[in-house]
Each structure stands twice: as C-alpha cells, then as structure tokens.
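Chains here go by letter, A, B, C and D, matching the order in which they are written, and residues are numbered from 1 within each.
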Amino acid sequence: MGTDSTSASRDPARPSSSPSEPDLFSATYARGPVAALFSGRSWLQAMLDVEAALARACAADGLIPADAADAIAAVCDAGRFDVGAIALDAGAHASPVVPLVGLLRSQVREELADHVHFGATSQDIIDTAAMLLGRRALEHLLTDADALAQACANLARTHRATAMSGRTLLQLALPTSFGLRAAGWMVGVREAAADLRTQGLAVQMGGPVGARAPGVGALVAAELGLSEPVLPWQAIRVRVGKLAGALGVLAGVLAKLARDVTLLAQGEVGEVHEGSGGGGSSAMSHKSNPVAAVSVLACAKRIPGLVVTLLAAMEQEHERAAGAWQAEWGTLAQLLTLTGSAAAWAREMVERLEIDPARMRENLARLESEGVAEAAEPERHLDGALALIERALETEDFR
Amino acid sequence: MGTDSTSASRDPARPSSSPSEPDLFSATYARGPVAALFSGRSWLQAMLDVEAALARACAADGLIPADAADAIAAVCDAGRFDVGAIALDAGAHASPVVPLVGLLRSQVREELADHVHFGATSQDIIDTAAMLLGRRALEHLLTDADALAQACANLARTHRATAMSGRTLLQLALPTSFGLRAAGWMVGVREAAADLRTQGLAVQMGGPVGARAPGVGALVAAELGLSEPVLPWQAIRVRVGKLAGALGVLAGVLAKLARDVTLLAQGEVGEVHEGSGGGGSSAMSHKSNPVAAVSVLACAKRIPGLVVTLLAAMEQEHERAAGAWQAEWGTLAQLLTLTGSAAAWAREMVERLEIDPARMRENLARLESEGVAEAAEPERHLDGALALIERALETEDFR
Amino acid sequence: MGTDSTSASRDPARPSSSPSEPDLFSATYARGPVAALFSGRSWLQAMLDVEAALARACAADGLIPADAADAIAAVCDAGRFDVGAIALDAGAHASPVVPLVGLLRSQVREELADHVHFGATSQDIIDTAAMLLGRRALEHLLTDADALAQACANLARTHRATAMSGRTLLQLALPTSFGLRAAGWMVGVREAAADLRTQGLAVQMGGPVGARAPGVGALVAAELGLSEPVLPWQAIRVRVGKLAGALGVLAGVLAKLARDVTLLAQGEVGEVHEGSGGGGSSAMSHKSNPVAAVSVLACAKRIPGLVVTLLAAMEQEHERAAGAWQAEWGTLAQLLTLTGSAAAWAREMVERLEIDPARMRENLARLESEGVAEAAEPERHLDGALALIERALETEDFR
Amino acid sequence: MGTDSTSASRDPARPSSSPSEPDLFSATYARGPVAALFSGRSWLQAMLDVEAALARACAADGLIPADAADAIAAVCDAGRFDVGAIALDAGAHASPVVPLVGLLRSQVREELADHVHFGATSQDIIDTAAMLLGRRALEHLLTDADALAQACANLARTHRATAMSGRTLLQLALPTSFGLRAAGWMVGVREAAADLRTQGLAVQMGGPVGARAPGVGALVAAELGLSEPVLPWQAIRVRVGKLAGALGVLAGVLAKLARDVTLLAQGEVGEVHEGSGGGGSSAMSHKSNPVAAVSVLACAKRIPGLVVTLLAAMEQEHERAAGAWQAEWGTLAQLLTLTGSAAAWAREMVERLEIDPARMRENLARLESEGVAEAAEPERHLDGALALIERALETEDFR
C-alpha cells in the first residue's frame, strides 16, 4: 500500500484534503480549449468581468462616481477571491453571486460598497457571465468546426473520383464516390455551424424583477461585446433554448461523421483508418481502435439529453424561476464543453483519416457479385457525384 | 383522377370521407389545423404530390415523355388508393413507398410504368413529402403564433401601467407592471417564431445512394415550392434537427406563458382568469379551471422528449440509416402536431385572458406588509417597465 | 359489466366497427396486439369499465343501491357512445371524463343519475383506465418477450459451438461463439422483462383531492384485478415513472439485438440474414434489407424520449397537476404501443434469423490474418463461452 | 478589468497552473456525500480495488501465484499514481485503464508484471469500478431517502388533522389535511427508494470479448461484495438502464416535494416556510427564498436528461460498443451525484419545514367564500384523510 495509506484514506466519501481532483475521463469528454472556460475560476472571472462592466456602465450613466467604477473594476480579478469559499457559501442562497457581492464590497473602501452591483440582481451577473463564456466557447468551437469542414473538403476534392459502394440500411447498394461522402460531411458541418455564428448572445441587465430601464444594459452590452436584448430575458429563455438546439444539431452531425468512420473502419470493410496508429487495447495488442471516432461519439451521445433539459427548463415561473433557471448553469456549461470536445476530436479524426481505395474496390467487387452491374465499372456512374461535389465545394467556398 | 376527385379532394387537410376512429384525447393534443395534415390520407397525398412533381420534372429534363408525366400526375390522387392496404404492405419493406409505387405503376398504362418514380428512391418521396407537410404545418403554426403575439401586445399596451408584484423564486419581490409581463411573452413568442420562418425546408432527390445529379431536384423543388439543398441530405439530417430545435424553443415559450397563467390564476393570487368561464370539473362545480393553460402545458411538456429523439437520431449510417431515419417519421409528425396544438391553445388562452388589477393591488399590499416600501406607490416605480414596453412594441412593430 | 365480460363489443382490442383512418406508418410503429388497446374506443371502454366497477363497489359498500349499480353497469358499453363527440367536448374541460359522465347519467333513469361516478373524480377514471390498459398491454408485451427469449435460447443452444469473431469498438477482436451472443440477448430480454412482471399497476380512487377513505378503492381494485395502493397517487407518479423506466430498459435491449443484426447482416460481414427474403427496395432489386431489425430500431429509438417526458412530468403540483398529468395520457399510450411494436418485430426478427457459420469462419480467417493466433483454431478457445451458455440456459430455465 | 485584458492569468482557455478548480456551483449540484465518490482519485482507487480483487481471485483460482497477488494488491493505492497523468494518457486509448495497467505493471517486480490485469480487459475494470462506486452512492442516497421519509412521516403524524385546502389544476378544490400531503410524500419516497435497494449491481469480468469462464468473476464478486451476473454484460446494459430508471423515479418524487414546497411557500399562500430563515437575495433584503426547494429542483430537473442518455446508449454494438459505452461513464457519475444532491437537499428541506396552520385556515376561508360549504368546518371532512394517513404510517412502519 502507499505511504499515506490508512483505511480512512481509502474512504472515497471522505472530502479530499488535496485541492486537486482531476477528472479521470477528461481526455474523452473535455478535449480542446472549451472545457477550461467552465472551471470555477473562469466562471468567477466572468462574473467579475460583468460586475466591472456594470460599474463602468453605471458611471457612464451618472449613477455612480467614475472613481468608484475604477476602484470596483480594479478588484474584479478572480485571483483575489477564494473560489472554494464562495462556492460553499453559495449554498445558503442558491447563488454564488450573493457571497461574491459581499466579498467584492469588502474589497473596496467602505463608502464605495453601495456602488458595487448597483441596481443589479444575481441573475444579471450569472446570465451575462454565461453569455460571455458562451461567446468564447463558440469561438473555439467554430474554429474547430471550420478546420473540420476544411479537412472534409480536402477529402472531397482528393477523392472525388474514388469509387466506393454506397450503403443503405447497412446493405451494399450502388456505387458512389468517397468524395461525395466527405462532401456531405462538409456540408453538414457547415450548415450546423452556421446557426452557431448567429446566436444572439445578449446581456442580461434587468434588475430584481426585470424592469430596469434599458440604458445601463446597453452600456454593459457595449463594454462586453454582447448584444442588447429587446427586453430582459430573465424567465423567457429563448436564447438558451436556441443555443442548446444549435449545439445539439452540430453534435448530431459530428455523431454522423464518427458513426461513418467506425463503420468504414470495421475489419471486414476496411475502407478508412484513423491514422497515427489509432488506439491500443489493454487486452488485445493487434487492435487499432478508432479512438477519435469513439471519443466523438462518447461526447455526442451525451448531448441530446442536455438539450432536452434546457428545453424543458424553458418553463420558468414569473420573473425568475424556482429551479428551472438554476438547473441551466451546469447543463449549459457541460453542453458547451462536450460539444467542444466532440468538435476537437472530430477535427483530429478527419484530419488524420486514411483512405483505402483498394479496399473500396474490393467491396465493390462484392457488390458486383451480388448482381449489381454498375459495380463492375463504377467510374462510369460517378457523374452525379462529381457534379454534386463540385457544387458543394463551390457553394461553401472550398475550391 | 378518382371518381370523387375535385381540387378539394387534393387538400391534405380535408378530413377523410371515410369515418375515422377518433383519438379520445384529440381535443387536448390536436387542436387547430396542424393535426389533420398528418393523417394517413394526407401523408399519402403528399407522397403522391411528390411523385407527380417528379414526373413533371423528369419530363422537363427530357428523361421521360411529357405525356407520361401527365398520365402519372393524373393518377396521383390519394382518393384512388386504399391507405390501409398500403400501410399494411409497408411492413414488409419498412417503407410505404414500395407498395405505393407498385400501385401507382398499375394505375398507368403498362408501357408508362417504368416512367413512374423515375430514378428516385423511397427516401426521396418520404423526405420531400415530410417537408411539404412541414411547410404547411409551419404556415398554420405561424398564423397562430402571430395572433398570439398580437394578443400579448394588446395586453402589454392596455396594461402598461397596471401595477403588479414581480415574483422571483415564487416569492413576492418588487413592483412591476402586468404590461411588461405580457410584453415579455410577446417578445418570446416573436423571437421563437422567427426561427420557424427561416427553416430551409428542402426537397430530397438524391436517388438510391444520394448521388443523383442536381438537375431533376431543382425542378422538383420549383414544382413544390421547396428550397433546393446543396447536396442530397439523406443521412445528414441538419434540416430535421434545426426544425426540431426551433419547435422545441417555441414550445418552451408557450409553456412559460401557460405556467404564468396557471400561477396567476391560483385562487390565492387571482390576478388573471381564463375568460368564457374556464373549464368545469367532474367533481367540483365551483371550480373554474384554466383549461387552455393546462392544455398548452399538456402539449408543450411532450415536446422536449420528441426533440431529443430527433437530435439523437441524427447519428445516421452511410447513405441511409437503418432505424434512425425510420424513427423520424412519426416523431416529426407528432412534434408538429403537438406544437400546433399548443400554439392554438395558447392563442385562445391569451386572447380570452381577463386581468384583475384590483387583485394585483391587493397582492401588492401584501408585499408592502412584508416591508417593501416600493409597493405602497407602485406606479412611481414603473418608469423602467414603461420604457421597456414601448421599446418592445416598437421593435416588434406592434404600435 | 365485469372485466371478464364475454360480450365481443366490450373487447377494447377489437377494431372499431366503423372504418378508421389508418396511420400510414402503422406497420412499423404499431405491430402486434398492443396498439389496438389505445384506440379511442378502447380507452373509452376502459373508462366505462372503471365506472361500472365503481358503481358495483359503491353498492357493495352501501353507498348506492344495488340496482343502481346494475343499471349503471348495464350501460357502460362503449358501443352506446359517440367517441368523437366525447373527444370534442373534452376540450372544454381538459378531460374526456366530464362529458362522459354527463352522457352516462343521461343513459340511466333520472333518479339514478346521482349514483353515477359516485364520489369519484376525472383522475380516478382516467388513471385507473390507463392502468387497466397498461396491464393488458404488458400481457401482450410479455408474451412476445418470452417468445423472443425462447428464440434466442434456441439459437444459443444450436450455435453454442459456432465460432465467430468477437468484435469490440467495431473492430475484430478475438474468437467467441455465436451461441454466446444469442445467450446474451436472451439474458438481456429476460432481465428486462422481469421488471415488467412486477409492476404495481394500481387502482386510483382518491376522489376530488385524493382523500377518499380506502374502502371503495379496495373494492374497485378487486373488481378490476388491479392492486390497491397505500394511498391515492394522484400527484405522486411513482407507478408511471417505474413503468416508463422498465419499458425503456426493455426497448434498450431490443435496440441492442436489432443493432447487432443490422451489423452482422452487412454485406461485408454476412454472418446473419433475416429469413423469408427480407425486405425489398423501391430502387434496388438486389437488396435484401433487414426489415425487422430496422423496424425494431425505428420503434426503440423513439422510446427514450417518451420516458424522459414521463420522468420530467413527475413534478406534479399539489393534489392534481396542471399540465404534467395531462401530458402523460398520450405519452404512456404511445410508449406502450411502440414498445409492443418493437417486441413484436424483435420476436419475428430472431425467430426467422438465419445464421451463416461459413461466413463466420471466413471472417475469423481475416482476424487470423491480422495476427491473432487464436483465430486459427477458434474451437479450442470456446470453453468459457460454452460454460457461460450452459449457465445462462440453466438459470433462465431454457434447457 | 475589461474583456480584452491581456493578463495571462485571466485567459480562461489557458490550462490552469493551479491544481485546484472547484466548481462554483457545487453547493447546489453536489451536496451531501455522493459527489466525492466520483472525483478522479476516487474513480482511480475503485479501479485499483478491482485490480487488487482480480489478482486475489486469480491467485485463489490458481492462475497466478499467491505472492504475485499480494504484491499487486499492495500497490493498488491511488496515492501512488498521478491521476492527471493517467487522465491525459487515457486520450490515446479512449480508456484510462490502458495507461493505468501499464503503470501498475511498472510498480511491481518485472517478473510479476504479466500477472497484473490477468485475463481482464478495460471494460472489466471500469464497469466493476462503476458498480462499486454505485453501491457506495446508493448507500448514501438511501440514508438520505430514509431520513427524508422519516421527516415526512413526522409531519404526517403531527399534522394529520391540520386542515388545508386541497388544490387541483392549481385551483382551490376541497379540504384535506396537510398530514395527508406529507404522507403522500413519504409513500412516494419509500416506493421510489425501494427499487434502489434491489439493484443487481454486479461484477463485470468477461475478458476481451465477454467469453471468460465464470470462475474468476465469482471470486471477484465475493471479494468486492457485488453480485455475480449470469453472463458478462459488456454490451447488454440492463443494469445501467435499471439503475438510471430507478434514480429518475426518485428524482421525480423529490421534484414533486420541492414543487409543492415552492407553491405552498408563495407569499400569497404562505402555508409552509423553509425554516432557518431561508436564503437571502443579492437585491431584495426582505425576501426569504425557499433555497432548499430550489436546489432540489435545480438538481432534479437535470436528471431526466441523463436517464434518456443512458437508455438511448443501451443500443450497444457486438461485444463492446464504440461510443455508447464510453458515453455512460460521466453520465452515470453525474446522475448519481445529482440524485444524491437532490436527496440531501430534500432531506434538509423537509426536516426544517415550518407549517403555518393559521394560513391554511385563512386559505380555506377563501375557498368557503367561493361557495364550498365543506370549507367552513373542514375538520368534519377529514375522516378519509385520517384513515389514509394511519394506513400509510402503518404500512411503511412509521408508527
């Protein structure tokens, strides 16, 4: 046993004394840059960014003195706060903002304390912070989605005339080209990503019951680079629902790509392989597992269940919900994290995908043996595929 | 055309002339005009509309003779077919199109049989028919959503200065105005409906493995008034996922409205009532139940579960999925039906909603007794609400 | 009349004498005997069965005269009522029971009218009717599940020593036997079905607010062969949640079986085929599609989304929910129907499954060529599989 | 500071250099002892516990020397390993077990390395570790559920004759007693918890393709106190599905309790209050928020979406799934954590709930004013409630 082993140290229910508790499955679920955005410290900093922007906006609007805003903004640095202590105190309020505002007030001169969090409510801070993090997450996500689409386009161009058997209902069907398959992936990724580019991530600045006049909100929006909503959206969660839906659609496309890769990489099919050796097995040394595809699917399969939570949580009471809003926080963070991870894995998967035209030809021969004449000279039947690929590359500007 | 064929007989929303077995719960789940679109006969007619458009497109493209197209289109009338028999035969093929095409061929002169369903596959017909029905459903849905938004706007305008207590976490909070609540409903409905106006409902015309050259598809799209996709989308289900997400978001907003109505209509709150007496009870004659709100919620609560099915079903194999595609048919139909019913009920709910400013004032007095000074003269605290309402009405063009 | 009434007109599974408008997709989604249970007429008859049992129970308890009970029971025949008219009137009450009770009262002598529906509320009738239909549905479902398990056991026994390649992460792995695969299916089906055998389907007889003393409920339970709950469960939906979960688990197992069949039936794998020719294609005559497996998956993939609806709907307010309860009706009916259809299709799928040991051997040769020595003489590595199969057959009493 | 801050310490995408990243929302989502079970270190220790048990079982079965088992078990201490490094290496294999086994082998004498992980596969270790953690989680969960049921029973007994208005469809209905409401909660909790007591949490010890002979598995099961399955259940996930369903049902009951508390605690209703002052607001000092109820709902509303993920993931391919299995790991951990948190919060909520019989009486007066005569002397109408409460307390052994 280890040096510090006692029976107590083996009790998993005992709170850990060490501050570090990495997730053992983060390589699968938290690949790429999105996950880090939703650490406790990053959430805290985003909330402080909102408090700072609010102070500046209030100063600009003449509601608090300019030097109060400066003093407040100067202490809006997560490094000054104990994330764990705030998280603990949050329990008594069902909100980390209540203890945060208290601490923030204690960090400025006493006479400035009332200028902190001026006219705002917990929901203003949490919702706006979530939108800030959401925007950063979407930037990362779209970077990976664009690279993924590019990698698909490259395959489409290179393999436009690489004949393979189309398959329907998991049966060999008729010849097509691998390039068309890859073009379909590309178009799917692009069409799904398009909706992520147009999300109206907006500031929340409604005050206690959503009736704050628009002025300060507009200024905060400008400070933070978020859009300004027509009305505070405290219990009208269209933004959250739309974002969830769009992420769910992208995840669905990523799952489709990864499912195709796992199927084409089967030993009996062998038409594609994940390059760089793929992943090993703890029991079978000969195997080369489609690790990236499996990881995409591991993430993507968790996403529809998160979307359903957010859509069902749109049923929010009055000016602030009792439960449905609070259920969003962790769900949205996880939804963005898992979609980010799926996108990062999918990009790697396609970027390193190796195509085996010879095996495609062998499988076409099996199709021919099933009596499909077109499989004998498949290249003669690719005109439609070629025209479609050209159109897709042109439409999506991948020439 | 069939013996009873008139142009009316081609209207898929027309009730079948044969008596049907009603669903005992249709008043709740199938209110409004959307449900009828998804009867067996209406689905069949939509498929026949696609076959007719395909024939005309093939003729225009020189693939089949023009008179063949005319002959085919002439028999594309659901009244000529036995829906039940087709449904039964569909089981052996996991598709109603296989028996339908057989019957369609038998309805034309023998030498024209090969011109029927030319170059198409089952999925072309079912997917395009679903998009046709979806477009009609969205038209109905948007009509109700627009009327609902108008009714909300009317309440917002009328009650802009009707003071009520805002409520957060289901606790009395601070004064606001009922008009702002109604304006929030209006904006939510409009923002959710906006995504339904821009759905890219597109033709599917990819042939057996999705590699059909684009020409015929463009002609079919023009015939049917659908858009033309960059590529066939047989196993790339972005369109279905986006439609599902957008319907889920609208349903979430409708649930929010109905939840508010049920809460405000509580006996102890009494701030709103469904007009026209509300619904009776089989056991308690004194009760006036918020029937429309309950019905909205009965529909809306079923919708996230349908969205999750469609998002999870985006993981489709190769050129046509074995199971995930076939799971869409009934799910999408039900999703549109239930959203249509929720919208119809929500419109009625708000159009007949009665507001009780006196009870609002009584509840503000309770808030005052809890020590909230603003509740004594709530009108003095409505400036923010008034400004927001004006902006909302102006933005959404409801002046 | 009692539940064992021999009158054919009382059999809720009997197709309505009036022609119905068929669902075009019923062959996929509504195979087997469960679907008919949830027609409008069958629901209505189940509600009338409850009203009749209630009348008898009230008479037995001395609450109403015995001849009143006889007179009421005599008219509790769905054939006497217009389903469509009741469905229509239900809209004004968010319940079909309100109009039904009115009509039922009009069918008996005026002085008996007050004895109809004595002390009951809409929810008593609908919930108890749902449990009655649920019990009948489970009987059908378990019949199919048992036959399916038997078919799996037959395959396990016959093919205990039929070597095939095991596959992990969709890669060829190490030899196993097809019999073990089939034994795994069998055990999965049996373990999932076990929970369906022990569902506590109970009467609901709480009266308007769930406070009715237990006597009448016990008598109604005895009349109908349902169990008696400790308390009325009007807004405590454990029974519905458990039933949903158990159906979801069975559906998950069925999906696993069908997924395996689609994968093993791939052209490149070819280890199993659905017998009887499989299904045809509207475009490709050479294809033999795994129609039963596809149909299982089409149903099973719709089921988790229905379970999530019912679990989320457990959040019910006070003594009767405003929306969440009403959302259950159609969802539970559809959940049972789709699970019934999936089970019927799965039974057919396995009963007619054809196994191709030669292709299994060919695929093992490919595994051997990948350097797996065990694949050369796979029979020498089946000891574990054989022992497991024996144990499984013995445990589940399939020797 | 602004959003464009250049300080590196503010870049949320930069991997944190500090090891600690507490979740800012853990007070809401991770209350009670369950959450700690699913830290990286606890998962790792559980996997090592399985490796140690496997070594001992192999020694007992004569497969490896006894001293090898001792040596292996001696190093199966998570304190000897770097969780973060294993998590990182896991990415290349879609499994943390591959790097773990490598490190474990390096910790024992070279000639013993082959005795580590003898005959096992990654899935054996992960699945068995998950079941170990699941068992511990259920123990904690049931402790809280039992205490919650006891607290409900106490309320039922104390308030058996405390009259209140029953409410249906959120309308005042007829008198009942608060004790009956509490008894309903108690029965719901007990019935939901019952299924958690009978989960067949079983060892997984099937080896690479699930064909390992039963001997070693039985010994490992005995070592770890888990049950032994009939067959390895690598891709037959009935256990996971049943556990998910049972947790979903308990969460549904907890949501019902919390929803009732939020409704009864409304300012206009005022019949219950969370004791100990409730939670404060960052903006409104007068408010006493139902923090525990809100927290229960925040957790419980996230649970159906996790159940749907696990049910949908039951569709697993062949002997080990490519994606669906890997999606389970984080989902199951989160499902147990959130249910554990909801149960801990619900116990606190009911244990400190304060009842206000005077307000109940006031609300009954409102009911009377609506014309309900029974509300004038509600005690005369509690016979049914009293009988039901007695039966419930007796049945559940809470006298």
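The definition used in the following text is that a contact is a pair of C-beta atoms (placed from the backbone, for glycine too) under 8 Å apart; a residue touches a chain by one contact, two chains touch by 3 or more.
All of these numbers come straight from a predicted model, not from anything done at the bench.
Asker: Between B-D and A-B, flag the pair that has more C-beta pairs in contact.
Answerer: Higher C-beta contact count between the two pairs: A-B.
Asker: Matching residue numbers in more than half of the contact pairs is the bar here; say which of B-D, B-C or C-D clears it relative to A-C.
Answerer: Repeat interface, by the over-half criterion: B-D.
Asker: Roughly how many whole angstrom separate the Cα centroids of chain A and chain B?
Answerer: 28
Asker: If you average the Cα atoms of chain A and of chain D to get two centres, how far apart are those centres in Å?
Answerer: 25
Asker: Averaged over CA atoms, how far is the centre of chain B from the centre of chain D? Could you give it in whole Å?
Answerer: So the centroids are 37 Å from each other.
Asker: Give me the residue numbers in chain D that touch at least two other chains, ranges are fine.
Answerer: If we look for residues of chain D contacting two or more partner chains, we find 94, 121, 167-170, 173-174, 207-208, 255, 259, 262-263, 281, 284, 289-290, 294, 297, 300-301, 304-305, 307-308, 312, 322.
Asker: In the complex of these two chains, what residues of chain A are touching chain C?
Answerer: Spelled out, the residues of chain A in touch with chain C are 165, 167-174, 262-263, 265-269, 281, 284, 286-290, 294, 305, 308, 312, 363, 366-367, 370-372.
Asker: Which of the residues in chain A end up touching chain B in this complex?
Answerer: Residues in contact with chain B: 94, 121, 166-170, 173-177, 180-181, 183-185, 187-188, 191-192, 195, 207-214, 230-233, 235-238, 241-242, 244-246, 248-249, 251-253, 255-256, 259-260, 263, 297, 300-301, 303-305, 307-308, 311-312, 314-322, 381-385, 387-388, 391-392, 395-396.
Asker: In their complex, what parts of chain A are in touch with chain D?
Answerer: On the chain A side, the touching residues are 1-5, 9-10, 12-16, 18-29, 31, 33, 36-37, 39-46, 48-49, 52-53, 73-74, 76-79, 83-84, 86-98, 101, 117, 120-122, 125, 132-133, 136, 140, 207-208, 223-225, 255, 258-259, 262, 279-284, 289-291, 293-302, 304-309, 312-313, 322-324, 326-327, 329-331.
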